[in-house]
Amino acid sequence: MTVTALPGAAGRSRRATLRRNFWRGVWRVLRRKPSRMAGVAICALFAVMGVAGPLLYPAHLPRDDDALYAPPSLSHPFGTDFEGTDVLALVVTGSRYVLLTGLATAVITVALGTAVGLFAGFRRGWQDTLLMRLTDLNLAIPGLPLLLVLSTVWKFESPLEMGLVLGLLGWGGIARAVRSQTLSLRERGFIEAARGLGLPTTHIIGRELLPSMAPYIAMNMLIAVTGAVYAQVGLFFLGVLPFEANNWGVMLNLAVFSGGALTTPAALPYLLAPLLAILLLTLGIVLVVDAMDEIFNPRLREE
Amino acid sequence: GGAAATDAGAEVDVYTTIDGTKQINASAPINPFNPVGSVFTGYNGMALAWARNHPTDPNRFYPALARSWTQSPDGAQVDIHLQPEARWSDGKPVTSEDVRVSIGLAYTQGGTAYALDPKAAGAAADVRVLDAKTIRVTQGANRSAAFLANLLSTVVVPAHVYGALLPRGFWDTLKVAQHDRGPAGERAKAVITGLADKVIAFSPEQDVSAGPFVLERVNPGAALLRRNPYFYNSRAIGPDKVKVLNYTGNEQIWNYLISGQLDNAPFTSVPAAVMERIRGARGSQVITGYSPVATSLAFNQSHKPYDNVHVRRALAYLIDREQVTRIAAPEGGTPAATTSGIHAKAARAWLGDGFAELEPYRLDPAKAAAELRAAGMKLRDGRWTMPDGSPWKVEIHVPASFSDWVSAAKSISSGLGDHGIDATVLTAADYSLYLSELAKGEYDLGFWLIGLGPSPYNIFQRLFGQANGWQMFGGRLTHVPPGTGGNWMGGPRTVEVAGEGLVDPGELTSRLNYVSPGEQRRIVGVLARIANEQLPAVQLWDYVNTQFVNTSRYTGFPPDDSEMLRLSSGVWMQLGMIRKRQP
Amino acid sequence: MITGTAITKTFRQRGGVLGHREVPALRGVDFAIERGGAVCFIGESGCGKTTLGRIIAGLETCDSGEIVIDGTPMSGLSPRRRRPYFRRVQMIHQDPYSALNPTRTIHQTLRAPLALRARQTGRPKPWIDARAEELLALVGIDPGYVLPRYPHQLSGGMRQRVVIARALTMDPEALVADEAVSMIDVSLRLGILALLRRLREQLGVGVLFITHDIATARYIGDESELYVLYRGQVVEHGPTETVINEPVHPYTQSLLSATPVLHGLERPGPDRIVPTEALDERHGDAGCLFARRCPLATERCERDRPVLGHDPAYPTTQRHACFHPRRRQVIPLAAGA
Amino acid sequence: MTRATANRAGALARRVAGHVARGLVMIWLVATISFVIIREIPGDPVLAMYESMLQKGMSPDQAERATAVLYGFLPKGSLWEQYTGYMGSLLHFDLGRSLSTPGVEVTSLIGSAASWTVLPVLAGTLLSFLLGVTMGVYAAVRRSGRLGDLLALSGSLLHGVPVYVIGLLLTAIFATLWPILPSGGPVDVEFTPGLNAGYLGSLVRHAVLPVVTYTLASYGGWILAMKSNVVTVLGDDFILAAELRGLRRGIVFRYLARNAILPLFTILALSIGMLFGGSIFIEEIFNYPGLGLLLVNSISSRDYALMGGTFLVITIGIVVANIVADLLYSVIDPRVRSGGTA
Amino acid sequence: MERHLTAPGVRIRGLTVVYNTPSGELPAVSGVDLTLAPGTITGVVGESGSGKSTLALSMLNAVQPPGRISAGSVEIDGLGDVVRLRGEELRRTRGRKVGYVFQAAQNSLNPLKTIGAQLLDLGRSHDVGDLRALVRDARELLGRMGMDGARVLDSRQHELSGGMRQRVGIMFALVLDARVVVLDEPTTALDMITQATILRIIREVHDERALTTLVITHDVGAVAEVADDLAVMYGGRVVEHGPVAEVLGAPEHPYTRGLIRAIPRLSGDLGLARALPGRPPTLGTLPAAGCVFRERCESSLDLCRTAEPVPAARAGRTVACHLPGPHAVPVKRKEYA
């Protein structure tokens, strides 16, 4: 039996190769269907919009006092709003708040749901029972109505707060699913083996359990982003959230309730622009979710 | 549905309208004492008389169940003469007893004319039936100029339906409640107010109306009324049926109007584009008239820097009211000519030439800058800061559910931004929340209704009343410090007025209740000047009573600026106006 | 080195709000294994083999009875204090497909426990990778090929070897191999068995071999002992070769008789007894557990339960729990003989 | 055999009892939480009513008269007293009296609103269920084809798109641009309620847009769920086994469909429960007088009793749906029904 | 019911089945010739992935996508070439003429329906006029296999044990009086005693009903117990085929030899047993040219690298190997191809 001492670099380069292979695999998965590429492109577009969008425009969007609710034209592809501000500019600059909330919510929802689900599934026993009752409660409380009630108590002053509340309301589903996944993974030999080897719990959860659930969690994350965007835009639409100068939901609200977009076609572009943005975002995320399973599954990634 | 409506309308004449004051609630009882009851003023709900829409005089009425009335010269006693032909929809005549029972029921509800507290200004002290068609009501010690108006607006219900609600000995109990100062009086008061719930919840099986219509059916979407053959002026009534459509938001009314479904819609705010479509609908007409309400942006003067009148003036100079109105209420409002606390039309009547002397606060950045400098504010890198150099951010609060206010606030903030003042719009989730936070003094600037005419007391009580610290307690005026008792405006208790010296505007306002017309005119002049100079609020726009009618089925609607415009089309019919269009 | 005395385990299954159903999985099992020794447990499905294995590996606790590792009784220790002892007993799972994390390469899989081991023993970092390769070489696979791969890229046999290598990272004193070869291709089974034998011989690792296929038990090496489990009870115990060649208990004999005969190479033993099929196990716990299926059962068997013990008629190394002991020649004989 | 049946019935009864007990605890918890939250909401209902009457052009005196009486309806006493009172009356199924519709029992308001919610929710859910399930089977069977792909994509998209987007688009199209359907309201008032063609026709015409919105909004979920179930079942051995036994295609299809639909029934029960609360957007957009709208209105008018009651009823809907789903599952799936470990 | 006591023969000729994989169409069964003599049980053994199940499915022309039969024929007496059958005709053949017992008979029953209901579905699908008689037959068959027929017909899958399900599977394959029966891994996942019972039942029913039976398994022992003839598959080829005793007793192909040596056995010399070296091939790793076994073969020739050996008759059987056999005796008793 030959024992060759490997220099430490070997491990590092092995990891680098692994990473390279991973990205190559991702590329392969994406290339398999053109629709996935489109999805990634759309998501990237929104990401860029959220990050750089507001920088493209002056802090105070220009208004044209003589072009209130102007129809679509070359200079205003989606017309203007009640103040004569370009609707496209509103959609672009408004994306940051919307996406940021979406992201914050998704992170909180998924983190909380995963943590609760993992803990309950991993610990079992009374902690499990308690957490699951809590989850049941969370699921039994109707979210939207509660949000309506909460919005009168809580001032959602930042996207983060918004995300926190939406996240606190929405973790139940993920927790339950993660728990059942954890329970089934626990039965798999490799988790038991890790415990038998005396590996620390952090390792078992962080390195063995979580990666196995990664596609599931990532998918939920994306879905949570959309869910949060919808809940939030919806609440703005209902008018229960504090006014934000450029926000898709506020646009919907003003288009319908003060522009009469559902009554006359004049304000229709003002209504349709955010609706189309939401549709496009959904499409992008749906297409990316489609590829998620294959990206995280080494077997599917390689072939 | 529009198509279905016209189908059904082929056989009978259905007049379609909406009730501007409440939403239809199919669960609510057919009971005018219930705030959402299925009783529609002017159709199946009748008062003694209908108030005219006069800019300055609250005591002008069209006769209704009261054919006429006489008031003693000192205003203490009113004799009411009922319509001799008036009958309920079950054929029984309308009598003085009906009026007395109605007044008795009104006592259980509380109110100005029928307050249990005998010291309340304008409370009725005695009710006496003179004969079957005549009744006399006497005012208590604290006289009020609004007594007649309040009395004549009394809603009349049939004694044979509602009479049982008043327990035996009710009138004796009332006397005790009004006059006994001891525990017996308190007990009697409790007995009477204790009836309130029962009265409100009272739900007659079917409608018994003395109006031109009687309720046939109500569902969550609409109420249907049919003609009351016993109505005293039945011949004047054109339509066979009236359909009152429900709505939850203005946009629904717009849809109804565009599709030509409504024969009349009372005051509704409408965006310009929608207005164009409505005007385009066949037979559609817009009537405008006086509406004694104005919107203002009010300051919380206990918050810095709004305690400084220069800052308030500077902001007034920077708000382009023309533009704001164009954006927020293009059809429903006219930009306020100045800030007087009074709707411009009433203001001209009250102030005459004095109106022109008020500072108009036209958009003027230069004056604004001067005022800001006078207030010690500093200009740094093109942005105004507080005197100590800390940033200044104007936070404009509005309730999220009022989209015209939201648009206005947004427009104001954009305009202020253009002139170097950082401004944001903050919304409250709903009106309840908005009002309670406003009352708690949490806002710097908030939207606030003012100029509620025609009674001058009502006008100025919005600026120098409870919201600004002056409260009426048992007929006595007190002043509470800012932040307590709903005093959120936080203005000073007294102000220097040129030519008047130090005055207490709240005290002046309360005096409007009972002084002579001449004195009223003088006080209004002073208060308008205070409002204009001290600027507790910046008047933004005066509402216009924009009504919509459709003349393709009915004609004879009131003209622009008619004194009838704030009354429902049911009243118009009573007055013999609405006629079926002849083919 | 590891002994177990009177180990019992009863599973309580929830059946609604109030009702519990009790499943006795082990009913007082004794065993002992020496350093480098081998112990085989055989029995039908559901007789408690896995449960026993998991208890020995510390993955489950027993209701009563005592596990003693290196002279230290486990029942007195807190779970935390128990852990270092149980780390000396590593489990090899039946299913090499699920025993390896599909999202981790073999290198990652081996690194984690080795890093832990390095920390425990104060070894330097480079030791980890070196040791990983050493272990893979020890279990007979090419480290260069295997290390960067994901489990799905390996054959069943290789995977099982990786699993064994992983168990060896903790320098265990004993391996619990639960059906370690039953999911591996026939052609490769002997390879794994030989590996286990070699580990016994070279590293002095004790092997607890759990199987339902008695034939494989032979291949675990010399001096192994065989325990025949039936419904949570040991019904026969002795040196593997002795029990196979001269079984005493009718249950052992049934099991052996059920083993197929390779016609052409073997012919059936003369005393094969026809095994009766499993009955509904919820019936009767009184008397001999096997009585209902036993072709030889008498009234006494229905009444009393025989205990595992020595029988003067047989060598001291062999014990059984039967009222009607008789040696039978049931295993297939070579065809030529 | 009878013994076994009795045992089975006993097990089921125990199960039901357990579920109901847990459901009651849940309802109590939710009631408490909502009670506390709702009582803590700032806002003065009477003032709000007064001010909005002013804005509608009522004179201050009239407005005062109309609102003065409401002070009597405001909850009084300490929070604890209110709580015990509330819980006590809950036990008698008494949810108190409404503030925004003074003098009317909350239960009767909720009752009439619930009937308006149930109608479109049930119709929409069942319609989308049928549609989604059929299309889901199709998408699964044709999953390698273009049409199957398209169906699945449409499902994901519709599942992802928020319901108000669908509702707004539908209204914009069918009530604004091409006005062939009423844009709101539950029914025309001219028609005498009852079983006459006019009334029912009007009911249906008004329900079309809300129901279509419900249908489109939940259709995506069904098609996705059904597709994945069918794909799973298709991979199950018994389908291949049935084919290898030469069973008729129709029978094999029935095997497939029944096994794939089974888990959906529980989701169906759940989603019907959920929709009571989720109908807010649709009811808001279409002005449909259901529970969602009732809740929104009760919040803005600070009608504490109504708010709490509606919230509670919506929650009870969900809890009951949970219980029903669980029981349904054990009733229709023989593997669970026998209650054993199998 | 009168039975024709002549069992049909089955001739598979040049059967090639390919699976469509990302790396193109790869053959899982290539050019297999196999003759099932009427009235015999033929066992097919081979490692996992050697194409056994694919072969079995081909007998019913039921290879599932992405696989397809790309060449060859399966001639069944009285039926013609099954590979040519389509649509209704094919459906009627399945179940009625050729019975199939599924690899995982554990899960081959609809979980929601009782066995009886599924039996009626079967009857209706094949236009059985007298459903009562069908049920009677089924009950009889189940009774024959040692079960309470009435109770079983009333049960659902989850109420039956593994062995019972397997027998129900056999009942379904036989109840319409199919004369050719294919059993894919009939005893996998069953324990020893149950396996023995099932094997016995297969043998008995086969004899009673004059069937032609194909038993597929990876367990040489199980085949040896029941089969008359034995076919050994490797990498999609039948490498050796002959009477079971002869193939086991004197294996000709090096793979067969290695396989038999690798089987753990209850008797015999432990030292002689050895695992086959290397890994079982998968679709992707099969050599493109030459003998598929050459990489694991201990005595491979140069020739093996280039030329694929053609199956040839020798020593009373067919062998596909370049190595010269010990005694080249022509096939006498039966035809093996």
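Letters A, B, C, D and E mark the chains in the order given here, with residues in each chain numbered from 1 onward.
Please note the rule applied: a contact is a pair of C-beta atoms (placed from the backbone, for glycine too) under 8 Å apart; a residue touches a chain by one contact, two chains touch by 3 or more.
All values derive from a computational prediction rather than experimental measurement.
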Contact-graph distance - origin subunit A, target subunit C: 1
Centroid comparison with subunit A (C-alpha atoms), farthest chain: E
Winner on C-beta contact pairs when A-B is weighed against B-D: B-D
Whole-Å gap between the CA centroids of subunit B and subunit D: 39
Inter-centroid spacing, subunit D versus subunit A (mean Cα positions, whole Å): 25
Centre distance in Å when subunit D and subunit E are each reduced to the mean of their C-alpha atoms: 54
Rounded Å distance between subunit B and subunit E, as computed from the means of their C-alpha atoms: 92
Subunit B residues counted as touching two or more neighbouring chains: 249, 255, 401, 430, 432-433
Junction residues of subunit D, two or more chains touched: 41-43, 175-176, 183, 284, 299
Subunit B - residues contacting subunit D, complex: 1-2, 4-5, 8, 14, 20-21, 25-29, 31, 33-36, 51, 58, 106, 109-112, 146, 149-150, 153, 193, 196-197, 200-203, 217-224, 243, 245-249, 252, 255, 259, 266-267, 291, 293, 401, 430-433, 435-437, 439, 449, 452, 455, 458, 461, 543, 545, 566
Complex contact set, residues of subunit A against subunit B: 60, 63, 65, 68-69, 82-83, 151-152, 239-243, 245, 253-254, 256-260, 262-264, 266-267
Interfacial residue positions of subunit D with respect to subunit A in the complex: 22, 26, 29-30, 33-34, 37-38, 40-43, 153, 156-157, 160-162, 164-165, 168-169, 171-172, 175-177, 183, 274, 276-278, 280-281, 284, 292, 295-296, 299, 307, 310-311, 314-315, 318-319, 322
Interfacial residue positions of subunit B with respect to subunit A in the complex: 249-251, 254-255, 258, 270-274, 276-277, 323, 326-327, 398, 400-401, 403-404, 406-407, 409-411, 413-414, 417-418, 424-430, 432-433
Of subunit E, residues touching subunit C in the complex: 47-48, 146, 161, 163, 191-197, 199, 218-222, 224-225, 244-250, 258-260, 262-268, 270, 273-276, 279-280
